[in-house]
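Presented below are the structures under discussion, each in the form of structure tokens.
Consider the two complexes below, in which chain A is the common component and chain B and chain C are the respective partners.
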Partner chain A sequence: MSKPVSALNGAQFHGIAEVRDLGLQGMITLRGDLTKPKLKSAVKSVTGLALPKTGGILSDETGSVAWMSPDELLLLVPYAEVDAHLATLQKDLAKEHSLAVNVSDARAMFSLSGPKAREVLAKLVPVDLSPGAFEPGMMRRTRMAQVAAAFWMMDEDTFHIICFRSVARYVFDLLTVAAQEGSEVNAF
Partner chain B sequence: MLMLECPYCGVTADETELSPGGEAHLTRFGPGASDDEFHDYLFMRENPKGVHFERWRHAYGCGKWFHAARATDTLEVFGTYPAQTTKPPQEILDKISAKRPGWTWRDLK
Partner chain C sequence: MSTRLSTHGRLIDRSQTIKFTFNGKWMRGHPGDTLASALLANDQMLVGRSFKYHRPRGIVASGAEEPNALVNMGKGPTFEPNQRATTTELFDGLTATSQNHWPSLEFDVGEINASLSRFLPAGFYYKTFMYPRAFWKHVYEPFIRQSAGLGQAPKDRDADTYEHFYAFTDILVIGGGVAGLQAAKAAADSGAKVLLVEQSSAWGGRAMVDQVDSETVNDTPVDKFVEEITAELAAMPNVTMRLRMMGAGVYDHGYVLAYERLNDHQPDADGPRHRLWRIRAKQTITATGAIERPLSFAGNDVPGVMLASAVRDYVVNFGVSPGDRTVIATNNDDAYLTAIILKKAGLDVPRIIDARPEGGGALMEEAKALGIRVDLGRAIAKVKGSRRVTKVQICNQAGEGGVLDEVACDAVAMSGGWSPVVHLWSHCGGKLLWDEGHAMFRPDGDNPPRGASGEGFVRCAGIANGAMDLAAVIADAHEAGKAAAKEAGFTPKRSKAPAATSRADAALLPVWLMPQGAKTELRAKSWLDFQNDVKVTDVQLAAREGFESVEHTKRYTTLGMATDQGKLSNINGLAILSDALGQPIPATGTTTFRPPYTPISMGAIAGEARGEVFQPIRRTPMHDWHDANGADWEPVGHWRRPYAFVRPGESVEAAVMREVTNTRESIGLLDASTLGKLIVKGPDAGRFLDMLYTNMMSTLKPGRCRYGLMCTENGFLTDDGVVARIDEDTFLCHTTTGGADRIHAHMEEWLQTEWWDWKVYVANVTEQYAQVAVVGPKARKLLEKLGGMDVSADELPFMGWADGTIGGFACRVYRISFSGELSFEIAVKASDGQAFWDALMEAGSEFGIQPYGTECLHIMRAEKGFIMIGDETDGTVIPQDLGLDWAISKKKEDYLGKRAQERSHMTDPNRWKLVGLETVDGSVLPDGAYAVGPGKNANGQRNMIGRVTSTYHSPTLGRGIAMGLVQHGPDRMGEVLEFPGTDGKTYKAKIVSPIFYDPEGEKQNV
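Then we have the complex of A and B:
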């Protein structure tokens, strides 16, 4: 077996904000009827978290549950535990119309941090990122320049961004250009 | 810039985050329909200057199809509503009537 590595293997950039490839992250896409108690309890047993509200994300130290669409959740769990969690989900939801898939290696995940993180990201996405309009606890799937991406805030100065692995270099380059020295806009 | 609120995720999405799906509320004429009905279903589309009903997909967001009522001449948006319907909800029709008395669109007015 070859050793798994993330798309950019921990690449970093320091400009007006810090961009970092976050390495391996376990991700499970779960589709199904989000109103079903069975699904809620399955998510709870895997992550220990409740279901987020529309457009939201709930996190604790080990993982997160993010709302992706009216019938889709993204579960973020430690990379090594994905197979075990997947087996639990598939067993718990065997009788429900649902789908749980390991998408860990199909994605890349970045962090964008620093006091200027908001305005760096605001250069790239058609989303109102002003304080008050976008806050920790919110999940947003959108377009980042020319590719699909999703992001949420860990705290006031830190974004986590996910995209498809095939466009990881593109997204990293976008972020580094947007975060280059001297490119402050001071919009917020 | 056209901005539409996705009725599923509540996000006010910029046009570049959406993909257009053409005219809304078409009746599908398939096997068993007359040639004229099938022709009209395939080719005859409204091209109004004013009130229009369209399908949009929140392509970069939640991925769901929804409907939008808007004015093609001013880009004013009267409202958006889920796609699981064959005609616009009454409240959106009332809103259009309040703003554009005398409007018509196919057999709606």
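Then we have the complex of A and C:
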């Protein structure tokens, strides 16, 4: 059987920042009462991570937990492990009113990196991306030009961006337009 | 003549010469020139023709307020009309042409309009072109379009790129003159984040021209002060400074648009041409300076008549003299500066005509000491000359214009006083005060634009705030900076404003007409709005005809409606109107200031949204395969779906017919990935779906599917789809393609606002799956060949679903059918979608498998009488209209829309109801055609008794079939209706059952 492929299958662009399709990323949408200890421990057992604060994301080498809304988290885990983790969540949360679903294939994920990454993204999202205002550890759901998107920072120069799979090409093209040569803003 | 001087020119680099063309003629300039200064240096004073009378027009101003010097810039893909020469920086190879003339700038046939001007007064179009009616469209309008208008519309696609930038700051300072610089400094000293923007290419503003020799800040000459404070600001990490960036508009909630012109002055550079900054500022300071007012005297539009400030700008900034002999006309002290600067540059100033009987203060004495003759209490009666000023006639300001004297000259520098640039202050509701002493509107600090907290979020600084001399400007700006910082939550430094010198000017005399009692023939040549050709007599006529509101007068006369938005004309115009109405100026008020401050490019507004990223296109996992296999695309929302897969040499219609026949006879494949898939889970999920759907969902058994209808609260059908119960707590709801996001939001809204205590979670998993419909009598054979799960009728009956694998792909199979055939809708992970599709196509080749598109889908569902949301529904149709009563639960106490459906109009037996329609001759009914009944309605139109909602040629039946909504339709089976087409023919169709094919449903249930 052939290998599953991400929407843009590893596409790349180099301009004033580097844009890269990150391939398949395991993602689980978890909805539930975020104050329940059972939910916290279920998240911990799947990701090894605690719950992020409002608007935050916690990460380690293998995955992340991102705050999406007052009753929703996004768990980032290796693509191949999603089904196992879903089973764990469903078992651990069997008695809690909650919803855990696989959304790995519904999304595309990109990295945007380089010293100009902040200002390339600031051309497309209505978010204060100046240093200090947006930093690693923060998660932002917003719109990117005309579509929904979310992003966080891996380090001072690198963003990870997720969008719906169907608009992966649009988002990649947007980022390449925003990163075109000669378009430095030098505002940050 | 106008020429380049050997002295002055602080902004130009004389060591380099660059070449440009104007109307095809090569000219020379220097880096740092504007196009206007370079044209003047080449003695090109005549730059265009006026809008209505085609009068020769020259450069009047030196900045954004310029009404006349509009040119076509560039060629082909970089062509752009209506560009102001005064704000266009010169670059090597620039090409510009003048506008609005035929055949040439120097000789324009349209000039005849000027001699007809008596017959072209305000409101001329409204009065003249009324009758006969048909003439408007065919004679008058084409003629007016030909003779009026400014630049031409570009013909080619714009070669440049544009972008947006989202910026957030504590304090935005608009204007980089001394006020803006000082305000920015005072604000930034508090630690607040400051963004300082200046529309031109240099810091310092007017002070660099007007005060540089005579005045000081902190005992430092002004130019030195600007240099120092600019360097200090540049060194502060909390300050961002941008040149060539104009504050364009101020909006609610501290939102400001700023327009950055990146490459207009270097068109060969990489990167975007313009960038639109979308700024959120806690506080905005507008330090936008002031604009000098022209004086209204006869012939004030003759080329060579300029604003006094502009004349000295050209000398000081660009080393260009607009004329050899310049007469000054003024009502204030400021214009004396121009005389002094011209005289000191070695140019002739034969006369200063000061309307004030007492004259001016220290500057007048200085001018006199230089040997310039000053005439007090005098006015310009008339400027003589056509393509260039030749002389001025002088009269008493107090009189009617009897000529006392004539002075030969080639330029006139006029000053009617200054008007603060209050545009940005006013955009979001800042109020104005009338300042009697300076005869100007200035911001009313007690009534600023207010934000959500009720506090003001804009303040003005410097001359823009009505502070009229340097000391006052610096002090005002300093306080504005500190106050803004405090308002933004910072603690301003305890510091005093730098001390600056102050000029002892004599008072200004308001002069709205020169001379005061000018005769009609003079007033009819006294221009208010240069760009739209509005004269003093036009405004007076409007007042006489009853246009008392300034907004009405504006629209009737077109005063201030040109691309300059009346920057020079508005105050003078409303003063004339006030006088004509016999009321004080503040009683007349101003017209509304609207963004943008000056026109900004359409490209900047669009930003990145052009070409490939004009609009998002949603692609399914199999999109590229479809594209490579003949897909004729159809937009469905933002999705692209194949309408049909067209083979080489085949027409789209033929492809559709082939696809229907193939699917009915053997096997077809549909990419159904775009259909919405919503997971609804929780102990209350069944109860929730019972409220959302008209039918009962809570009784559905796990493993089974049920078709359901959703209505709005008003009872109208809004969406439909198949619901599958996954387990006791979990349902998967299919929506229409266009309904996925909408229905998801609908569910969340009810859960969050009305039924917040119900235990239900919803997730939109539409894009998690590639969904493929395998349809046709051979569908099961194909799946059995691929193997992996039992898809027999016993194990997976009609309206059942099962998880399993097919051909090695993990999948969920739904036995549902929108075609009436044996059908399996199979969902696999989107990332497996293309591979799964390939596997089906390959294994299906022996069964004659073919992909099919949306039109084939439509025809097959219409043959079966299945409704389509958006065809049979249009927001006014209820399920009962469509004969879907079977899908409306009678047992349920409530569902969304139930109460509305019980209202009298919804239960009216006269509502149009769904029927099938069969043309008598087998042809295809026109889509949307109406059936006409006997008689006429109150408007004399034929009575309508029904309409076509879907219509196709059915290859299965070999005839046209249609569905429609018809009054009493189901009771009129067999009746033949008439449908007049737009093609002149009348179509006849018989009312039949909407189910044309396999009414027993035997084919899908095998």
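Throughout what follows, the second predicted complex is superposed on the first by the 186 of 188 C-alpha atoms of A that agree within 3 Å, B and C clash if a C-alpha of one lies under 4 Å from a C-alpha of the other, contacts with A are read in each partner's own complex, and residues count from 1 in each chain.
As a working rule, a contact is a pair of C-beta atoms (placed from the backbone, for glycine too) under 8 Å apart; a residue touches a chain by one contact, two chains touch by 3 or more.
All values reported here derive from a predicted model rather than from experimental measurement.
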**Message:** According to the stated criteria, A:P126 is in contact with first (chain B), second (chain C), both, or neither; which is it?
**Reply:** both
**Prompt:** With the two structures laid over each other on chain A, which partner does A:D173 touch: chain B (first), chain C (second), both, or neither?
**Reply:** second
**Request:** Look at A:M154 in the shared chain and tell me whether it touches chain B only, chain C only, both, or neither; answer first, second, both or neither.
**Result:** neither
**Request:** Quick one: classify A:V185 as touching chain B (first), chain C (second), both or neither.
**Result:** second
**Prompt:** For chain A, which side has the bigger count of touched residues, chain B or chain C?
**Reply:** C
**Asked** First (chain B), second (chain C), both or neither: which does A:A11 touch?
**Response** neither
**Message:** Going by the contact rule set out at the top, does A:L22 touch chain B (first), chain C (second), both, or neither?
**Reply:** neither
**Message:** Quick check on the superposed pair: does A:L51 touch chain B, chain C, both, or neither? Answer first, second, both or neither.
**Reply:** neither
**Fill in**
So the chain A residues that chain B and chain C both touch are 126
**Request:** Enumerate the contact residues on chain B facing chain A in the complex.
**Result:** 8-11, 13-14, 16-17, 60-64
**Item:** Interfacial residue positions of chain A with respect to chain C in the complex
**Value:** 1-2, 4-7, 24, 29, 31-32, 71, 97-99, 101-107, 119, 122-130, 133, 145-147, 164-170, 173-174, 177-178, 180-185, 187
**Request:** Show which residues of chain C lie in contact with chain A when the two form their complex.
**Result:** 161, 163-168, 193, 240, 269-272, 275, 278, 280, 607-609, 612-613, 615-621, 638-639, 679, 681-683, 759, 761-763, 765-769, 808-809, 829-832, 834-835, 838
**Fill in**
Listed in rising order, the residues of chain A that touch chain B in the complex are 54-55, 67-70, 72, 126, 140-143, 148
